[in-house]
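Got a structure for you, questions after.
Order as written gives the chain letters A, B and C; numbering starts at 1 within each chain.
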Amino acid sequence: MFLEVQHIVKSFGAEKVVKDLSFSLQAKQTLSILGKSGCGKTTMLKTIGGLISPDSGKILLNGVDITETKPEKRNIVYLYQEDLLFPHLNAFENIAFGLRIKKIPEGLIKEKVQHMLHSLELEGQADKMPTQLSGGQRQRVSFGRAISTNPSLLLLDEPFGSLDTGTRQRMQELFKKLTEEFDITSLFVTHDLKEAVLMGNQIGFMQDGVLKVYEDKKDFIQDPQTGVQSEIEFWGGLK
Amino acid sequence: MKIKKPNIGILLFVLVGVVPFAAAFVYALLYSFGVIGVANNGFTFQFWESVLASGTFFTSLRYSFMIALVAVLISVGGALWITLKFREQLEKRFLSFIIYLPLAIPGIVTGFFTFQLFSKGGFFARISHKLGFITEASQFPDLVNDGLAIGIIFSFITMIMPFFVLLFLNVYKNERVEELSILAQSLGASANQITQRVFLPILIKKTWVLIVLYFIFLLGAYEVPLILGQESPQMLSVLIIQEIKQYDLDKISEGYVVAVLYTLIVSIAAIVLFLPKKNRAYAN
Amino acid sequence: MRINWKPFVLSLAVLLILFPFVYLVFLSLASEWRFPDVLPSYIGFKNWVTVFGSETGLLQSFFSSLLISLSVAIFSTTSGFLISKAVFYHPKKRTLTLLAYFPYILAPVVFAACLSFFFLKMGLFGNMTGVVVAQFIIAFPYALLFFSSFWNEKVKSYEDLVATLGGNKWQTYTKVLLPLAKGLLLICFFQTFLISWFEYGLTSIIGIGKVQTLTIKVFLFIKETNYYYGALSCCLLIFPPVVLLYFNKRYVFKKLV
């Protein structure tokens, strides 16, 4: 397995936020995780990203134990719900940020960022500052900034949470396209049922710090806890 | 993340931000009880007793308190009035620069300038003489180094009123008082009601901490009362420095008693103003 | 018809604000202005020529003030920024903030009087280093509190983001934190510069008259009743802040809420 998370526990004070978290994920797959706010999903992602250290448990990436590795050495990118574009850099420089940190030659940076701008359908926006971009464009730049560094794993924390419905839909499609084009392995956290089903190769459900990953999408749909059944009943009842 | 660095930061903070204050306070405290000091020989209540008995401290505190209070009240009141009446004009280009100019004048210059204007040989005395109101300099009223501290209060007002005008203009914009006023109007509020129920409450609520802070700054002001004050009573800082710098060694210890009392008062004020309160959502 | 009184009040206010500047320049040009003359018997550049002939050491005071204030501004802004990060990310940040307010709220002159013993023991009495250190001690809490609002959740998120993108501590500062804080740093620099530039009481005690900054000079001239030189020193004292104001109003005004 590419990513293996084993028995992670994390508490803040007396409150156990993540309880015995264990799951694994194959390379180039997306695990979408459904969970309401406060269920511990952000803590889980930050722990995997190395921004929070777990009380106990182990994280293996590609067979290597990275539990104690500093975030900057993990090659795991954590993406916030907010786009968090650097306000002092334009779209091009925001995407190039990770590459510049890795001291990649200028020519290559230009090439990679141009290619990325194209894939993100952001041609012609390179010189714009974050304030001049729309919400969807900003989120795409933020994606490009994360993907351009070729991360081993991408952690997405409600990435489309602040977008309107139409933009959200377009972004979902674009994200699917990008994951294929760039062979991305990712964890995709959302509180939107439909989005969870759409985005993941695998689906998990998180509640009160416990994550349950389903073998099959069918199991996810059958499980009354996930809320799929009541949704089906609601829409069925309208007929 | 477990990093060592924040601890070094906190250590430096304590070293630069806390240790000097603590050292100064402990030193003054020990001196006031006669534990240290050239002519002192051991722990005694003597200096505390004489300071508390003589009443100099309380007179000075009351005097400083009244001056600071009057100056802050007039400044805040004036600034509110100016903000209410002239807000639109003050946002224009030329005026918006002009109203910042008073901030370029430090206390010592304000004191000097006030003296030049209002002293018996000053600008207004000359004008009064020219206009025939007075025939000799001594006939000009006492406006500096005077018993009512008119000169000091005038200086304080010219120093802090411009600041409050700028502050209120800022809060007015940031808190969207304009929009709220229009809203209140559409709900049927009259101009007076808008002032009393929207304008004043919002501005005061947002700035009261700063208003109190400026009151405390004025309470400890030094330069202005040094130039414009009188022999007695004096404002606190002037009194403290005068006693500490005396040749009479007993007076030095008494000066430190006053310094300790003053420090305690402003520290309590700081605690009341800035003590961690959970329900203060608007702080910071 | 109601008369619009506002323009009159405003014009009067403008005159009142400009008056001190004009008057001080005028006074600095004057000489032998005896009571009750409304105008001085001499108006000219005599005082200024004398001063720049360095007879009174005023020019020297100007430059030592400049040197002291620049040092204080650089030290307090840098350390205030770096140390505020540790303070405002600390779980007990509210208590630490309260501690920073104690030296902030205390009158500098009283602070100096109680600290002078330690300065004497450390050989920092009556020299420029001592004055810089003393002024730094009062400017530091200001700078620290100044940056309190900068270290918020969003900036923390930026730091985390840079870390996950592979940036180290140094890169986090140079590529993100400093550019984000640039404007604030500049304002804090000028504010602490002015705290030092305007400081009199503390300087007089720690400098014991040997370190003659401009404010010390102003007071000396007042004591000597040399009002013309006093006014001239005042002009030197208020000229730099006015220039700063011209460039950016925010350099001189920042509310600390």
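The definition used in the following text is that contacts are C-beta pairs under 8 Å (C-beta built on N, C-alpha and C of every residue); 3 or more make two chains touch, one makes a residue touch a chain.
Here the structure is a predicted model, which is why all the values come from computation and not from measurement.
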{"item": "Distance-to-centre winner among chains (Cα means, whole assembly as reference)", "value": "C"}
{"item": "Most distant chain from chain A by Cα centroid", "value": "B"}
{"item": "Distance between chain centroids, defined by C-alpha means - chain A, chain B (Å)", "value": "53"}
{"item": "Chain centre separation in whole Å, for chain C relative to chain B (CA means)", "value": "17"}
{"item": "Chain A and chain C, separation of their C-alpha mean positions in angstrom", "value": "48"}
{"item": "Where chain B touches two or more other chains at once, by residue number", "value": "none"}
{"item": "Residues within chain C bordering two or more other chains", "value": "none"}
{"item": "Sites on chain A at which at least two other chains make contact", "value": "51, 71"}
{"item": "Chain A contact footprint on chain C (complex, rising order)", "value": "154, 157-158, 160-168, 171, 175-176, 179-180, 182"}
{"item": "Residue numbers on chain A that touch chain C, as the complex places them", "value": "46, 49-51, 70-78, 80, 82, 84, 86-88, 97-98, 100-102, 145-146, 149, 151"}
{"item": "Of all residues in chain C, those that touch chain B in their complex", "value": "6, 9-10, 14, 17-18, 20-21, 23-24, 27, 35-38, 79, 82-83, 85-87, 89-90, 94-111, 113-115, 117-118, 136-137, 140-141, 144, 148-149, 169, 197-198, 200-201, 205, 215, 218-219, 222, 227, 230-231, 234, 237-238, 241-242, 244-246, 249, 252-253, 255-257"}
{"item": "List of chain B residues in touch with chain C within their complex", "value": "5-10, 12-13, 16-18, 20-21, 23-25, 27-28, 85-86, 89, 95-109, 112-113, 115-117, 121, 123, 125-127, 129-130, 137, 162-163, 166-167, 170, 206-207, 209-210, 213, 216-217, 220-223, 226-227, 236-237, 240-241, 244, 255-256, 259, 262-263, 266-267, 269-271, 273-276, 284"}
